[in-house]
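What follows is chain A paired twice: with chain B in the first complex and chain C in the second.
Presenting the complex of A and B:
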């Protein structure tokens, strides 16, 4: 009797174990399928960017392979003045947007999470609702407003408008991070005679650094990838940013220089990819906290 | 007595000074949102009631005109089809992916997550260009694969329904990773004891999913779905780049149609009216997102 129970237990254990192992390998296999599907477009971007125009138009063999890899597309773009302008414009606008958005949102989040004033609760809710306003809802009245300011076809109109897309969410996640800092910390500093500015600069910003990084990446993503505003408000190549410059410059009428377009996409996607490769953890933490904390 | 009064006064002054500083710190935010979000929103309502040259007030004429137009009826249909189908598929695949990720040990999770997040990391306007190239009528990489299996060419972006499916596919490809990370975070926050308790009570995997996991994740699921509904409904990049609304205006969504009539054809009031049609749905979703988030905050606090 005792032998049978022991046997039974042993059997149960191995079956559980093998079940878990099956689940594990099954998960790996399914994930691998998803990864392959997800990476098809980026893979094809890389493949095409390595082909010469002649090889693309020859259409011989599989389009998924490169027969004569060449870097001529990349070289063309790097030495192409227009492309350099787009890259510089994108970088400039992104840096300004990130700096402006972070300054505005850190100050506001500090005030809303700690100091408070008449109506600050309403303002917090309002900030969250602003985050839910998509750019495509307001781009037509903004076209008029940008026109009044004389900023149509002026790249600086983006520096004014991008913060409206970044600031609400940045403020929202910063409120979450700031609220999680124990009150005792700033009370102690206040008793020691620190001013609010000192508390913000010396306690809140260093302690909430992960949140600051997450918000910065968000502002960067918005400014680097935005497409609608530059498409609607800019039309000469010296004012364009990467997302619209690539389309308007490398597609002339019916001539699609796909090798160069794909190389340009690759070069333009590099900054976000590099940033995400290093700081993904912070961003994911901030993003998931943003929807769950308040 | 005198000391008490002066102390009260200085305390009051301190409080007022504190709230003044607080207000000043918020002032840039208020100005930014006021000038470039709140004001344009009201201005859009005013604009939508003018005639094309913006010289006369036409009341709700633009809205009525749009509703009667066949193209605009297609836009309403396609916007809803695009948003609902894409969000349901993203939620479904995101849920599966989150579960698969949850099954594998934490050490390798990061690498898999990194690979799966690639579609979401590349700026959408750029990755859509690649999709466009893969759908290209004469050099289509997909058609080459189909030909290898002996199938005929598919006119990917040339026929209404196929083009609609293509725009949805690109959106699902781009948005699924976002759902995955949101759900994965939610899955990780479900206490392990609940599953143990369920196992002791003899629950099978399906029962655990329906009676433990889903109720615990309900709030996050609704927040993510509604948020994604807003973003997808207002999407511009994919349709603009892939099809520009064609063939025969069958893939236009509100945003691309507003761009075409408002910016390209120069009928700004009509474009503003078109954009405003999005507002009821966005407001509806935003209301429930806000309610979900406040509930969630209370749950975490409790």
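Presenting the complex of A and C:
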């Protein structure tokens, strides 16, 4: 009797172990597909950026290998005045967009989630619905508005336009974060003597920092990577940003300067990578632990 | 001077639901008043109206001689302890306690002195540098109390502060709260649904139900002299036994409670005049489980025999709960553990009729 039980136990254990093994193999297989799809293009970009134009256009050899690695593409771009202008323009517009978008969306989210005024629920839904309108539908009417304001081919029109893309989603993220902060926290602060502005600055912003970082990353990505609006509204190189500048400067007619294009892509990807790596360290989930009963 | 006074206070929510229906309550300076009642009785709403966290629909609230209906919470000079602590998670214990003082621009050394004093009273001096997430439930609740104490407010408001703690810690913190009140003597309004907390902490207990105050009195008053069937049933654990009955003549000018043909219990002579007007009417007889004892007190005035069929016996160590059914109504007796009681057998008990209550069937009013 006891022997049967022991065998039964052993059988079940083995079965569970093999099930787990299969699940692990499945996970690895799925991850491998993911890695191939997402990491091969950046790998190819790096490889191509290290090749000279001659090596790229050569018919012999594997395109996945570098035979004579060179940094000439990078050096060309770094010393190329137009590229410097694009980089500076992109950085400037991104900083302004992030600052404007976050200021508006944090304040909007606080009032929508906490002040409880008449119509705040409808407004919250409205904010999210605005986000669902595709930017490609908006750029024609926006072109007219920008034209009226005399800002066509003026880089500052982007500082006006990008927040329209970033604010709804950032506000939506922040409403979610602020709503997850227990109501008692602002009530305790109210009784402690804080005004609404003090509650926002001293309680909500520090407590909702993970949400603010998430929204900041989103606003940064929108401003840094936008292509359609700068393509539509800017046409001289002194006003251009990176995304459009790279294309218009490094593709001349039907000549694609692949090495320089790839190097420019890598240089343009640097700030997002640095920002993500830097902010992710501060992105500590569960910051509200201990505020209330957990 | 920090009396709190509610005068005809009404709270009506959108849709016409009245949570508080015109209550009157006077709380004296230094008094510890506990609002107790079942969920939805309006006790928390009342507290939040005193705090200024809920607007008042009607009536007046006075704190320290001033009407505060339109005064924001920060200007009411009150401090509140919440059920879920509501500590600021990104601040240390010291900063949590000092937050209110900093906002009021107190000098740094005064803030430190006050926080250290509160930490000493609550025995949390070693925790001052920690963040709330590094504290246990009991420690968090102490910090929440510390945050209230440092402000030295006119009134302390407690909103079910012990509900999130486990049973053992709850008893410990109950004693702490009482000790703190004995030390600082600030007027306190405390909300709980736990009648044991109410009885042990309060100078006066306010029993609320459906948005009205059923009774205000000392713990002994609400326990021994409830004014309504609700209060009689709510205060006391296990709850008071209620049996439908008639008041009948007992011969010799006396009266008796007739529950059914088998259970007829004599009413003490000194209560005859009080119950005579209700002779022949359908009433409700109420007696607490501890006033049904094993049969050994017979012969003393007011102690009457009663026999009932045992349903369930629950030995609890220091006492034994014996449950009966009388005409479908449950009856519980709290007996000495030495009592021999067996299910499905008759048990002879003594009812202490000096402690009984008679209530009107329709209104529930104790007569």
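Note that in this section the second predicted complex is superposed on the first by the 267 of 294 C-alpha atoms of A that agree within 3 Å, B and C clash if a C-alpha of one lies under 4 Å from a C-alpha of the other, contacts with A are read in each partner's own complex, and residues count from 1 in each chain.
Methods note: a contact is a pair of C-beta atoms (placed from the backbone, for glycine too) under 8 Å apart; a residue touches a chain by one contact, two chains touch by 3 or more.
In this text the structure is predicted, and so the values were computed from the model without any measurement.
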item	value
Touched partner set for A:203, first chain B, second chain C, both or neither	second
Which of chain B and chain C A:23 touches, first, second, both or neither	first
Touching partner for A:90 - first (chain B), second (chain C), both, neither	neither
Touched partner set for A:239, first chain B, second chain C, both or neither	neither
First (chain B), second (chain C), both or neither touched by A:182	second
First, second, both or neither for A:73, with chain B first and chain C second	neither
Shared chain A surface residues [contacts with chain B and with chain C]	287-288, 291-294
Residues of chain A touching chain B in the complex	23-24, 27-28, 30-31, 34-35, 37-42, 44-45, 48, 56, 59, 62-64, 103-105, 107-108, 110-112, 115-118, 120, 123, 125-130, 132-145, 160-161, 163-164, 167-168, 171, 196, 221, 224-225, 227-228, 231-232, 242-244, 246-247, 256, 258, 261-262, 265, 268-269, 272-273, 276-277, 280-281, 284, 287-288, 291-294
Parts of chain A lying in touch with chain C, wherever the complex brings them together	182, 184-185, 187-194, 198, 202-203, 206-207, 209, 287-294
Residue ranges of chain B touching chain A (in the complex, touch as defined)	18-23, 25-26, 28-30, 32-33, 36-37, 39-41, 43-44, 47, 93, 96-97, 100-101, 103-104, 110, 112-119, 121-127, 129-131, 133-134, 136, 139, 141, 144-145, 173, 176-177, 181-182, 185, 220, 223-224, 227, 230-231, 233-237, 240-241, 254-255, 258-259, 262-263, 268, 271-272, 275-276, 278-279, 282, 285-286, 289-290, 293-294, 296-297, 300
Touching residues (chain side chain C, partner chain A) in the complex	51-53, 72-74, 78-80, 82-90, 99-100, 103-104, 131-135, 137, 140, 147, 151, 164
